[in-house]
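What follows are several structures.
Consider the two complexes below, in which subunit A is the common component and subunit B and subunit C are the respective partners.
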Partner chain A sequence: MSGGSRLDPWVDAYAARARGMTASEIRALFAVASRPEVVSLAGGMPFVQALPLDALAETAARLVRERGAEVLQYGSGQGDVTLRGQILDVMAEVGITAHPDDVIVTTGSQMALDLVTRVFCDPGDVVLVEAPSYVGALGVFRAYECDIQHVAMDDEGLVPEALDEAITRVRAEGKRVKMIYTIPSFHNPAGVTQGPERRRRILEIAKREGILILEDDPYGLLGFEGAPPRAIRADDDQQVVYLGSFSKTIASGLRVGWAVAPHGVREKLVLAAESAVLCPSNYAQLTVSEYLATQPWREQVKVFRELYRERRDALLDSLEQLMPAGTTWTKPAGGFYSWVTLPEGLDAKAMLPRAISALVAYVPGTGFFVDGQGSQSLRLSYCYPDADRIREGVRRLSGVIESELEIAQTFGTGHVLRNAQGPANPAPDLL
Partner chain B sequence: MQVLVLAGGLSAERDVSLRSGRRVAEALRTARPDWQVIERDVDATLLAELAADAPDCVVPLLHGSAGEDGAVRDVLECLGLPYVGSRAAASRLAFDKPVAKTLVRRAGLATPEAVALPHATFRELGAPGVMAALERGIGFPLVVKPARGGSALGVSIVREAAELPAAMVGAFAYGDVAMLERFVDGTEVAVGVVETPDGPVALPAVEIAADGGFYDYAARYTAGTTEFHVPARLDDAVAKAAAEAALTAHETLGLRDWSRSDLIIDAEGTPWFLEVNVAPGMTETSLVPQALAAAGIDMGAQMAALVERAVARV
Partner chain C sequence: MSGGSRLDPWVDAYAARARGMTASEIRALFAVASRPEVVSLAGGMPFVQALPLDALAETAARLVRERGAEVLQYGSGQGDVTLRGQILDVMAEVGITAHPDDVIVTTGSQMALDLVTRVFCDPGDVVLVEAPSYVGALGVFRAYECDIQHVAMDDEGLVPEALDEAITRVRAEGKRVKMIYTIPSFHNPAGVTQGPERRRRILEIAKREGILILEDDPYGLLGFEGAPPRAIRADDDQQVVYLGSFSKTIASGLRVGWAVAPHGVREKLVLAAESAVLCPSNYAQLTVSEYLATQPWREQVKVFRELYRERRDALLDSLEQLMPAGTTWTKPAGGFYSWVTLPEGLDAKAMLPRAISALVAYVPGTGFFVDGQGSQSLRLSYCYPDADRIREGVRRLSGVIESELEIAQTFGTGHVLRNAQGPANPAPDLL
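Showing the complex of A and B:
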């Protein structure tokens, strides 16, 4: 057809990779989730209100006043050298030792994800990711036209046997595996954590097969039980590119993250960063640097841990009390998320409009997969609403699931409950 | 003149409404730089603000429930505030698709056979039996949609019995009543109606050809995925019949100021009425703005004329 208007004169000019960039009902529904009436268990927004805001304001003002010419100028493509040194102190908490030269500061660790993929992946290269995986990483891998393959997880995260199998299968298909992307600690969205033995075996497989591990660790310091889990990178500085972030430990709005990479990789990442953004924001970097130098940041991380632990408890307690039979969920030992699996036959995406009408929001599970899996699951975040709101949100959600179960039962789409109609009730006994 | 454009709200079409509101407000500002045009969401602080500082006119661009079912308009009427668009009672009739279809059918318009059923009916009578009856009464392909709501949310085209249960679950997620309507093959067109001092006038029909064949949410709001022809590629007689159908719907339902009717033109050139919108979408990819442009009417000037009409009514 021709002669009509498509309302976009560039429609034939877009790259193939822009094809999937379309409006979606899910995004439309999330627009409602931003309203205060809605209890949003959807977004993973850190509770930045708990920060010492006055101190941060003072820091920012002082920086501009006293070091304006530096703060407001371009900086190094690799990032501020003082901050890179301070990042080593932060990473020491998860057992990593490195040199400031090994660190590249990025605009959030999201940018580091982009740079690593840009440097390593040609279209069609395989990236192995957990099932489910971080939606932002999937977006990056998709943008670089990678072949994304999910690998099974269990309550301890990525399953080594499944990883082995995936590598064998993919290679048998004549494809090249470029990276294993993993979030070992307090996984987004699964809410699970790899134990030390699990990490050791994953590293062993990666070494044996000569595949890079991309270790994404934004939540590592936000564990609720004991010391932060030791990073995979702590045990190998050649096999792993480690991504860290200040988004959850300081402030997501500053957009400061980093990558630690072996020398050759790091050189390429710096060049790639320079072509992407010239340099990360000096203003944001120096704000973080000043904060780390002048504020008790470890104490502040403790404040966040306590806050999120209380919210996690509120979530798990109310799920336990209110969720309909057949619903299961993971019990995170840190981080922001629990992964909920609905009773058989329910579809979390199809249920979302009902949830929004009931003023509660979540993220449907399919978004965390590239292959259509996850329809029966959803992600709940407990980081932003307070404990009372979380309880109210779970109460609303349980009502939504009950209603959806009833519909599914009526239409036979809920398999387990298809024949759940009970026997007729006896007449009341009047004698 | 102070004009308040109401957009947003809590419906599933919040995002669309916000974009419609922004676009209309901007067009009004351009057309009438001397007017004060304010955009505002609907929330618990709205009424106190209206009481403290009443605008001269309200332009409700809320889509979906509360916006188009007349509820907010009822409140505006109680407050004695002039507003652009249909009155609450008429909006309520128009927003309910089965009711609107019944009324326009009585007025002589063709509209595909349809049945609207609440979930309770399926539960009480047993879904398999009800679905078999629907298959017999309406036949495939059919369209399942929520009885109330817009932007094709919760709408599915069902071509065989196996697809029906999932489509029903999808529609019931948006409301308690689902409508099953016979699918009419043909050209999809939308006809806007605006009232002028000389009476209601139909705008040129907009023909919609979605790439995937189904004008769903993505096709509506992703620029480039749908091809539009304005005016629609219809014979003069058919174009006239489509215009008359939209005018009949507008008048039969007692609508005011403006509306947009969605029609299918079948192979014989008969316009089939599907639904009418009392707060038509006004986003960058929406249909009424395209129709206005094709008619050589400036959107801001048109909306300003409607505002003046509303103010003069009081």
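Showing the complex of A and C:
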């Protein structure tokens, strides 16, 4: 087996699920895009520099010095019980009431996504996802060999009629629908938010059809207008598994997220978590817990909100001023992203190398679908670069789109290579 | 679906793999065993109190203060490149040479176990494991619906002839062997170590048969006599995936482990890791990296070695003095554990409630098998309690065994309920 002339001697030994694990072809481009002269509107990296670093440093030091025997030791597979109680306070902001027993702490909410899928999905089970959907979730569903089916969105997110139709269609094919995966607030990548009536109807369909809702809510507290949207989970504690994260409200580098689940599901999730990582890091968990207990975390979330609102405004203003006619985009009321649709005939992935040559980067739309949709779209993030950089990025991007349009008008659009690649594997650049 | 009279309304919705996820029946007992008056010889918790806490505290604070934008941010799915280089220095101690590209950092080496299994094992694939084997590995293999087959050990660990026989037998049944999972040094739970010739023969069999060796080595640097044993991976970089951990040489609460794998396998592992958690925690990784760079970590490992040797001596001495005739145990040359075999007719799980009543706890042997073996055995850990507590624990345990023997002599052993439960889910108590 070892040696031999093949590139990978183990290629025949991999599990069936490993076949779907392939690196994104756009990764190489992103390696180039990380050069400082490139304005990256691609990555979903929170602006952690806005945190009170001195206070966090002191928190970390105090924890290790005074509670080292606990902080540096294995902990419970379900997560630290004090932190689980504090998570209830955070979720109260989106209307959720629960018990600390209902919460499981995970290594980022990505791990919660993995565990829920592990517990529910056999190969071939259908997961209904928005069109487009979060690339990291698509990666998980693919890793568990799910049958991923997209459901249409509009400016208020997932369309209930389309959801109903998808359930009927998929069941008529003899398939089993295991979950409806949705990001109701400040959607990644679509930048839209479900209103209360929309949420009510989606929950009603899920209940009627007996299908679990997997509600992913990393951006829920980062709305720019009024109170945070009420979570779907706030109105039903049996039909929904809710995923939350400290990656955007505190720091992504800590890798602390959580799931709230009905009792029986939560028990399975804890068992799955113990098998996956034994227990989440006490070091990271207790840092979060101590930060929540001693720092004005709500004020800090407000700081993030103001920062991202200013950047959102810079993005939308400059799109308005600079984008060629025929380009459209969503107007996010929170979160990190706007979804841009190019003029007819343009292909966002084919355009990406030219954009990077012009020193601006984005994520092409096809990455957010498993079925080749999205070629005319792209995602812009405004979370990391400052307002001036965002404006400069949009200026460069609009120049690239204009050149593409000229080429298309001169030579026709037939030269555009339509590429139906599925989702890229998740990576920080593509969050 | 929601409501209804069943206890868990989602019970019919779970994946097939979730059926194997059940909590251990001995967990309730361990909840009692964590009371301070109980001497626990059950848990595999490293004695992290021996770390230089002030230096670690200062390291953590300096990192957050000076490199916050990096420490608190998402990182690479493969792990921090500086840390990966430092891991090479650690592995040099067991004879391994590799390149930083060959290393992937994981959320504890438990996660590396999960990823390797995810990448290689379809349901029904055979994994060969030692008899007994690490409970956390058995949990992972079961979660991926592997066919787990035990292979006999002796005082030098995995028996090559038995390995050969198992491969032949399993293949004759038409099954596919995907991995040989082994802990060659200071085995958990058996407390034995493969000699160099034993390792050479196991590697030879794996090469001849084209089967991957999954070499798990969390205790390799914690030997009490001479240099650390040379890893199997040191003699072959294509046939072996090697797993390492900082849980026992620095701190388990950081959750930083790693895998070293042949190129193609490593690529798959990174993709699987990104799907599972996006990236390991920069906060934890850079804390480890800075500790390795600024602290005398080899001296600290020596401190741990001396500490655990003293405790091992206390255990072996008191076993020698106090255990009733007919009881045998392994004599670990490193690591955390000794494997005790009770006199004929006694059952370690049936005895556990009585042991806990006598204020001493251990892990019954059946937990380390999937097939009901091990009822006459138990695992004792000497890593956490100090020498006096260990002696007191053994004194209590020997009293319990003596009473059991008296009962057996009076009433015969027919009253012992043989319990063929499989492995418990991993938990810190059972590590």
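We adopt the following convention: the second predicted complex is superposed on the first by the 403 of 431 C-alpha atoms of A that agree within 3 Å, B and C clash if a C-alpha of one lies under 4 Å from a C-alpha of the other, contacts with A are read in each partner's own complex, and residues count from 1 in each chain.
Assume contacts are C-beta pairs under 8 Å (C-beta built on N, C-alpha and C of every residue); 3 or more make two chains touch, one makes a residue touch a chain.
Note that the coordinates shown come from a computational prediction; the quantities given were computed from them, not determined experimentally.
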Fit or clash between subunit C and subunit B when superposed on subunit A: fit
First, second, both or neither for A:Asp155, with subunit B first and subunit C second: neither
Touching partner for A:Val11 - first (subunit B), second (subunit C), both, neither: both
Superposition-derived comparison: subunit B or subunit C, residues of subunit A touched: C
First (subunit B), second (subunit C), both or neither touched by A:Gly139: second
Partner chain(s) touched by A:Ala69 [first = subunit B, second = subunit C, both, neither]: second
Touched partner set for A:Ala408, first subunit B, second subunit C, both or neither: first
Which of subunit B and subunit C A:Gln238 touches, first, second, both or neither: second
Subunit B versus subunit C as contact partner of A:Ser252, first or second or both or neither: second
First, second, both or neither for A:Ala57, with subunit B first and subunit C second: second
First (subunit B), second (subunit C), both or neither touched by A:Asp388: neither
Distance in angstrom between the closest Cα atoms of subunit C and subunit B, superposition on A: 6
Intersection of the subunit A residues that touch subunit B with those that touch subunit C: 1, 3, 7-8, 10-11, 14, 21-23
In the complex with subunit A, residue positions of subunit C that touch it: 1-3, 7-11, 13-18, 21-23, 45-46, 48-49, 51, 53-54, 56-58, 60-65, 68-77, 107-108, 110-111, 114, 118-122, 125, 136, 139-140, 142-144, 178, 207, 210-212, 236, 238-239, 247, 251-255, 262-265, 267-268, 271-272, 274-284, 287, 425-428, 431
Residue ranges of subunit B in contact with subunit A within the complex: 10-16, 18, 43, 119, 122-123, 127-128, 151, 153-154, 165-166, 168-170, 172-174, 207, 209, 217-218, 220-230, 284-285, 290
Residues of subunit A that touch subunit B when the two form their complex: 1, 3-8, 10-11, 14, 21-25, 27-29, 31-32, 35-38, 347, 350-354, 356-357, 359, 404, 406-408, 410-413
